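You will see two complexes here that share subunit A, one where it goes with subunit B and one where it goes with subunit C.
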Partner chain A sequence: MTRRAAYEARQRRRANTIAGLSTLAVVALVVVLVPLAPGWEAVQRSFFDGETFVNTFPTLLRAFLLDVAIFAWSVPLIFALGLAIALARGAQSAALFPLRIFGAIYVDLFRGIPVVLLVYLVGFGVPGLGLPRPWNSPYIWGTVALVLTYSAYVAEVLRSGIESIHASQRNAAICLGLNSRDTMRYVILPQAIRRVVPANMNMLVALQKDVALLSFIGPVEILRQAGIYKSLLANFTPYVVAAVIFLCVTVPATRYADYLLNKDRNARS
Partner chain B sequence: MKNVLTATILVALASAAWADGHCAAGKTLTDGTLTIATGNPAYYPWVIDDAPESGKGFEAAVAYALAAEMGFAADAVTWVRTSFDEAIQPGAKPFDINMQQYSITEERDKVVDFSAPYYTAPQAVLTTQAVIDGGATGTMDSLKGLKWGVVASATALPVVMEQIEPDQSPLVYDDNANVTAAIQAGQIDAALFDLPTALYLSAVVVDGGAILGQFDPAAAENPDQFGALMPEGSALKACVDAALTAMTENGTLAQIEAQWLQEATGVPLIK
Partner chain C sequence: MPDPRLSLRGVTKSFDDVPVLRGIDLDIGPGELVCLIGASGSGKSTLLRCMNGLEPVDDGEVRFDGVDIAEPGFDLAPIRQRIGIVFQSFNLFPHMSAYENVALAPARVLGETDAARPRIEALFNRFGLADHMTKYPDQLSGGQQQRVAVIRALAMRPETLLLDEITSALDPELVGEVLDVLRKLRDDGMTMVLATHEMGFARDVADRVVFMDQGVVAEDGAPEDIFSNPKRDRTRAFLSSVLR
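Entry: the complex of A and B
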């Protein structure tokens, strides 16, 4: 080990020790001080009741499966529609101008409306037109609302990916004799999609949480089930249980998105 | 100094005189005022036109009668609005008593205090004429086959799950408005409400609304009883209970019920 390496190792150790100690101090302060607050016992009973936690956990976990299912069938639809909108907005030919306008309006509209509002509007409004069962199901129309909103976001992400591909790629493809369709399919899109994977991972994490909004129009998923327990038991602990279950899924997903982001950055630099 | 002394004596005399015969003295949020909370919005027929200050509607009328019984004049009653969640959160609460059709349950009683019940609510089935024309009847067998919807914060869900045991799992909503929207959209066949609310919704809110029947409150194991909600350990509870007991015994409650909830008779029982 050179003197320089030894010095750097020493510096690193020192930084780690200080970071560890300061973290420990903060944690200790929180652990010691919060329970000293006068209302702590009441808060603990309301939010962190062990018995309620254990009793409601299994049902809430089962209810979470519904969130996972809605998520699973929404994602392919969102990406298919998002890609279609992105391509529509990027259409080059003059004759396809209406398509570009449509894409722009679609994105503005559905990115601008709060998801909750769209869930209500589509979830109660469309079935209210008089559709017969099972076509008026809140599952169908709630999913439609999610897909409308999220495909608008995904379309913008994909479009930014497509536009980030250097013009030389397109020119090279033309020189090779590819037509514009094949250029998009074999040259631009494979690079563009790969480039925006981290951004789309963030979309998925957000979607995973917004799935719970479908509970407003009837389905008993985890948030609703927690709400039912809350009102039956007059205790907020079920919400904490739901938060823990959500975190178990979203934390690994965000970490994975970060990992992809870093990998992408390292690969490019 | 003398002025201060006089003032002190006057205040002491005044509060002593006021406290005389009123068990609520010094136990309310603001001395001399009773702060009562209701829902936002408050629904018919519990509060008419969302204006509890008018004293119109069953709960508004009970609130003023209760205040009078406890020694508060009508102008000494202040109204505030809270959601269900605000009423059960662990911190300080902005009301002395909260009346918005809170069903008294054992679990809730651990976190907050309830007064003696001021109303026993029969549960009734709200549906539409179209569903009745489709063959639904007021029998348990028929009810099992319906698609149910209920409000999450109400005690109706356990009743649906345990007594009716429907074939399809019920859908659950935030409030009455969403349940009626779902009935209107044909997403659910029937919903369970307390009878006065069901009568109002079927007559005014739901197009082609109808009441399929009511559950006999006398036959229910745990009849749905409404109580005024108070913070846990409220010093006011004994006072409110005494007043409500007096109002039950002297017929005031029954009289208010007859005035505001009279049309509740004549609904067939579910068999």
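Entry: the complex of A and C
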């Protein structure tokens, strides 16, 4: 072992020891101090009841599949609409000026409204028009609310990706005789979409959580099912179960997005 | 002299009130290889970009086979297929293989999806890249990337090729392989305009050397005249600073 390697190994051991000890100290403090709080026993009973956890878990997991389904059919709609809006905002010709304005207003409007508010407005408002079944379904209008909000975000992300592609790429394509449509489709967009994959992954994680907001307008997905159990059993543990189930999906997805982001950063530096 | 392929008259161009081209008159004959030399900022690159309309000129005429392509509003797309351009920084499409880079424009612009394949493969063969067609730009050396960029321009069967300092971003040992490509094209009779700092190449291979200084053509003549017997003081000053 070289002198430098020996020194670095020593430094690393020292750092690991300190990190281990300080982590242990913090965990010990939490374990000791939290149960000393006056309300701890009541909280433990109503939030961390083992039996309730086990009993409600299967049903809540099944209810979560509905969240996954809503997520799954929303994603393609969000990306299709987001891409259309991003392209509309970049429209160059004078005749398409209204399209550009529409894109700008759309993005400002739907990024500016809290998702939950939009879910209420669209989810209760549109069926209120007295539409016949199945067009009054909260699944449809809840999905519409999610798609409106998230496509606005995705449009912005895509637009930033499109603008990040260096002008020399566009020049190279145009000098080969490609028209602006083919330049966008074959040269700019494939690179732009690749570049914003990490940002869109984070968006998908946020969407998966926001699907639970549809519980406010009817669908018995995991949050609403947990609420039903809470009323039935007079216990909050089902909410903790729901949180755990969400984390099982969102934590790996977030880590994966971070991994992609780092890989992308390293590739470009 | 036959009718010039490219003919520039009184071409001016400014960027934000900074004049870059201040009245260029220049004729490029068919099959000629013309080297543009001059200090950085003398307007060589801008002049090349004006020759295919990538930069719109402010005033003056750019005639390509007699047609004024500098006319504001002129549809440049058909002309651009006939004037290839290769850039200093290659500008290959990084998400496509070397072959896909070359095949895109023939497929989309000429409608030759499969018809172009033999032609493209022949070009890769001819310029020593037959083994690299499926590689991506970041798997190729600078010299290989630049040769792919030349092939990409040639696949559109241009009559004229504009080359913008195409060896300036290369390591010295890779310059030769790219210049060899130009020698072959010259033997084919391709009309070429090359902005370059490779004085040795300009002296050996060019039919004409054009010295640019501060946005005008300061001297224009056969390479032996320009390099051995420059008439203007500023040509002499420039050459003595680069040829040491």
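As a convention for this text, the second predicted complex is superposed on the first by the 269 of 269 C-alpha atoms of A that agree within 3 Å, B and C clash if a C-alpha of one lies under 4 Å from a C-alpha of the other, contacts with A are read in each partner's own complex, and residues count from 1 in each chain.
The rule we apply is simple: a contact is a pair of C-beta atoms (placed from the backbone, for glycine too) under 8 Å apart; a residue touches a chain by one contact, two chains touch by 3 or more.
For clarity, every value in this text was computed on a predicted model and none was experimentally measured.
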item: Subunit B versus subunit C as contact partner of A:F57, first or second or both or neither; value: neither
item: First, second, both or neither for A:G128, with subunit B first and subunit C second; value: first
item: Partner chain(s) touched by A:G218 [first = subunit B, second = subunit C, both, neither]; value: first
item: First (subunit B), second (subunit C), both or neither touched by A:Q191; value: second
item: Which partner reaches more residues of subunit A (counting touched residues only), subunit B or subunit C; value: B
item: Subunit B versus subunit C as contact partner of A:D182, first or second or both or neither; value: second
item: Which superposed partner A:I174 touches (first subunit B, second subunit C, both, neither); value: second
item: Residue ranges of subunit C in contact with subunit A within the complex; value: 52, 54, 77-78, 80-81, 84-85, 87, 89, 91-95, 104-105, 108-109, 152-153, 156
item: Touching residues (chain side subunit A, partner subunit C) in the complex; value: 168-169, 171-179, 182, 186-187, 190-191, 194
item: Subunit A residues touching subunit B - in the complex, by the definition given at the top; value: 39, 42-43, 45-47, 124, 127-128, 130-133, 136-138, 215-220, 224, 227-228, 230-236
item: Sites on subunit B touched by subunit A in the complex; value: 84-85, 88-91, 105, 107-108, 110-112, 149, 152-155, 157-158, 169-174, 178, 181-182, 184-188
